[in-house]
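Here it is: the structure, laid out below.
Read from first to last, the chains carry the letters A, B and C; within each, the first residue is number 1.
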Amino acid sequence: MANLKPPLPRALRPKPKGPSEDNGKAKPGRKEKLAQKGISTIDWIDERTALSGGARWVMFRKIPRGTNWFYTLGSASLFAFLSQAVTGVILAMYYDPSATRAYESVRYLTNEVFLGEFVRGMHKWGSTVMVILVFLHMGRTFFYGAYKYPRELNWVIGVVLLILTLFMSFTGYLLPFDQRSFWATTVGVAINGTGPLVGPYLNDFLRAGPEFGVTTLARFYALHMLVLPGAMAAMIGAHLYLVARLGTTAPPWLKADIPADSRKDGT
Amino acid sequence: MNTREKEAYLREYSILKSQGKPFFPYSIAKDAIMACVVMASIILMSLTLGAELGPKVDPTTTTYTPRPEWYFFFLFEVLRVVKPPSLTPLAAIGVPTICMILLFLLPFYDRSPERRPERRPIAMAAAFFTIAAMAFLTYEGANAGSPNQIDMEAPEAVVAQGAANLRTWESGKQVVAQSGCLACHKIGHNGGTLGPDLTAIGGRLARQAIARTLVNPTAPMPAYTELDEKKRDDLVEFLAQLKGGEH
Amino acid sequence: MFATTRTAARLAHRKSPRDARFHFVARERKQPKKKLTTEEAQIPGAFEGETVSRRRFMTGTAHAASGIAVAAFTLPAVGFAVAPVFDKQEPRWETVGPVGDFPDDTYVPRTLTLVRGIGDVGKSTVYIRKYNTDLDDEERDEYNEFIAISTRCMHLGCPVRFVAASERFICPCHGGVYDFQGKVDGGPPVRPLDRFYTRIRNGNLEVGPRFSVNSELKRFSPRDPGMPLDGIGQYLYPARPSVRKLPNT
């Protein structure tokens, strides 16, 4: 009868000994106790979420040999996005998206708030850096042929991310509400409008009316800090999942030298 | 790619992958160092270049010269050089849309299994052409001056002739900038290309010829008869001194 | 669907609910009239006279209910965002000064409030002059005793400037040039500069809503910059419900 019982669920199987039990000393030291606490907390979470498998899958997957510094451009873009997100949230704490007060709020935040100009500068130049990184990352992917089978879908998602990045910089450009931003936006909206048939309606939608009006700025603000970043975060998630699932490409000129010397370096 | 080529790639890749190193910590270490570099450059730019706020928005202006953020300069330049009005929608939204669609569909029309850059001559040629075109357009766009002013230093010949001549030259420059010449004519980096380039007009036309053209021009150029004598003289003097060369 | 050709085979060897689903897709398309009840379709556990299987009913319910739930927040949100497109703007008239202020051989700039409630951002500059009988040849009516020209370039909306010396409107962005009447003189603009209706009330000039013109200066409902009005342009870039030209003009 005993062997008919189903096996013990994985989460309940005995765990390997922790540092406080395994060090051979009679009494565990403070350090071991602390480490044990950490381990049991993670165990508690893992027993309920089973996240460790996924984490292991992502973190300890192998990256083909021959990867170089150009492969860091993707994560650098992601990092620039994170930096933009955090500085953006801080700026949002001071910003007032109303046509009459926006400029004043940006002036206040730039000139009066502690580190205000620094944070706004980080957001402003971060956008430039992010655009450059995204383009470089795309260039690397192109030159290495990394958009080919089986990674076509990831390329498509990447192009969507590029478009979203450019839209982010377009909508964000209006927000400081100085001369530059107003006229750049006027031209940008007009460019939108030159699309036949849909153009005129698209413009009215973007501006919330036939002229630059009371709620235009709020509309751009909502797009800039809710709609587009949300879409980008989702797309970045899909992009990363596919990277982990399909693996990073090896440099195209690298040939696999099959078992002859059956190398096993590094791991 | 057919099934055999797909299989060949997947096999090759799995071997390369098995010979690789784990993502953590090897790749993460590189990524983290790169992240530090990125943050260092952002912070450095923020500290050195700051976040200057321009003048307050003023839709009633008639003197402001709008310019886009630098990474849109290429589009700005395309919009400037595409002159026929019938092509305006094409330049404004057609070309960018087509480029994005081409980019979007890249893996679906470039289906060869070859990945090495040196064996994909068409793709590489297209890429280098695109990059070169973007770089050229960005450079041109960045240097496109306003038609309401002239960014030009007085040539040495004028400076050598003394302060009075320099004053005339400067005031002539002012008159040219304010009289709408640059709407059609190019002088140095400033101005349009509807009419002849005036950057070296002084080398081509004599002083009197320039003066005559101003009063009695060929259509569609308007006659500058309303301009008062002094201003017209300064203008002619300025144009006559434009010999090209460095600007 | 690939399933359709194998319907008969699937009926005979149905193994899993998945097969049953394929079968229903197939049946709907190919033989909608033949098997009315689930019993006839030989679905296991069918009730007598039952026309829709429980699985199919629940599938339909799942789709319909989730569809309704999503639509319940999407439609109002989209409607709310799109509503301004259909929000009709009433024409407003603004006094800009006594009629004597405006000669017929040059333009006088005046500031106009296009949108109220947002301070300076709702304002715009217009260039105004009297109708010049030597120059202007469009039909005269009560709205063009004075010509009021908008300062938005009709290429992409940059601020144009009137330069009296050359009698041209000059755009600083992409090289657009307009002549004294606002017609395109060169460069990429797709149509003449937009105009505003003007009328005289008690010796004062009033400026009203904007309208667009084609190269013959025929009036059209206001368009945005970059939209041509000659040829098929007016159909490719239709007038919007939010702003119209005045009736009978």
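Some points to look at:
Note that in this section a contact is a pair of C-beta atoms (placed from the backbone, for glycine too) under 8 Å apart; a residue touches a chain by one contact, two chains touch by 3 or more.
In this text, all values refer to a predicted model and were calculated from it rather than measured experimentally.
The touch graph of these protein chains is complete, with an edge between every pair of chains. The interface with the greater number of C-beta contacts, when B-C is set against A-C, is B-C. Each chain gets a centre from the mean of its Cα atoms; for chain B and chain C, those two points are 31 Å apart.
Each chain gets one centre point, the mean of its Cα atoms, and the points for chain A and chain C are 34 Å apart.
Residue positions 121-122, 155-156, 158-159, 173, 226 of chain C are each in touch with at least two other chains.
Looking at chain A, one finds that residues 182-183, 186-187, 190-191, 194, 196, 199, 212 touch two or more other chains.
In chain B, 56-59, 61, 64, 66, 88-89, 92 are the positions where the chain touches two or more neighbouring chains simultaneously. Of all residues in chain B, those touching chain A in their complex are 1, 5-6, 9-10, 12-13, 15-24, 26-28, 30-31, 33-35, 37-39, 41-43, 45-47, 49-51, 53-59, 61, 64, 66-72, 88-89, 92-93, 97, 100, 103-104, 106-108, 110-117, 120, 123-124, 127, 131.
Listed in rising order, the residues of chain B touching chain C in the complex are 56-66, 76, 79-80, 82-89, 91-92, 146-148, 178-184, 192-194, 220, 222, 224, 226-227. In the complex of the two chains, the chain C residues touching chain A come out as 81-82, 84-85, 87, 89, 114-115, 117-119, 121-122, 152, 155-159, 173, 222-227, 236-240, 242-243. Chain A makes touch with chain C in their complex at residues 99-100, 182-183, 186-187, 189-191, 193-194, 196-197, 199-201, 203-205, 207-215.
Listing the residues of chain A that touch chain B in their complex gives 58-67, 69, 71-73, 75-76, 79-80, 83, 103, 106-107, 110, 117-118, 120-126, 128-129, 131-133, 139, 142-152, 155-156, 159, 162-163, 169, 173, 176-184, 186-187, 190-192, 194-196, 199, 212, 247-250, 252-256, 258, 263-267.
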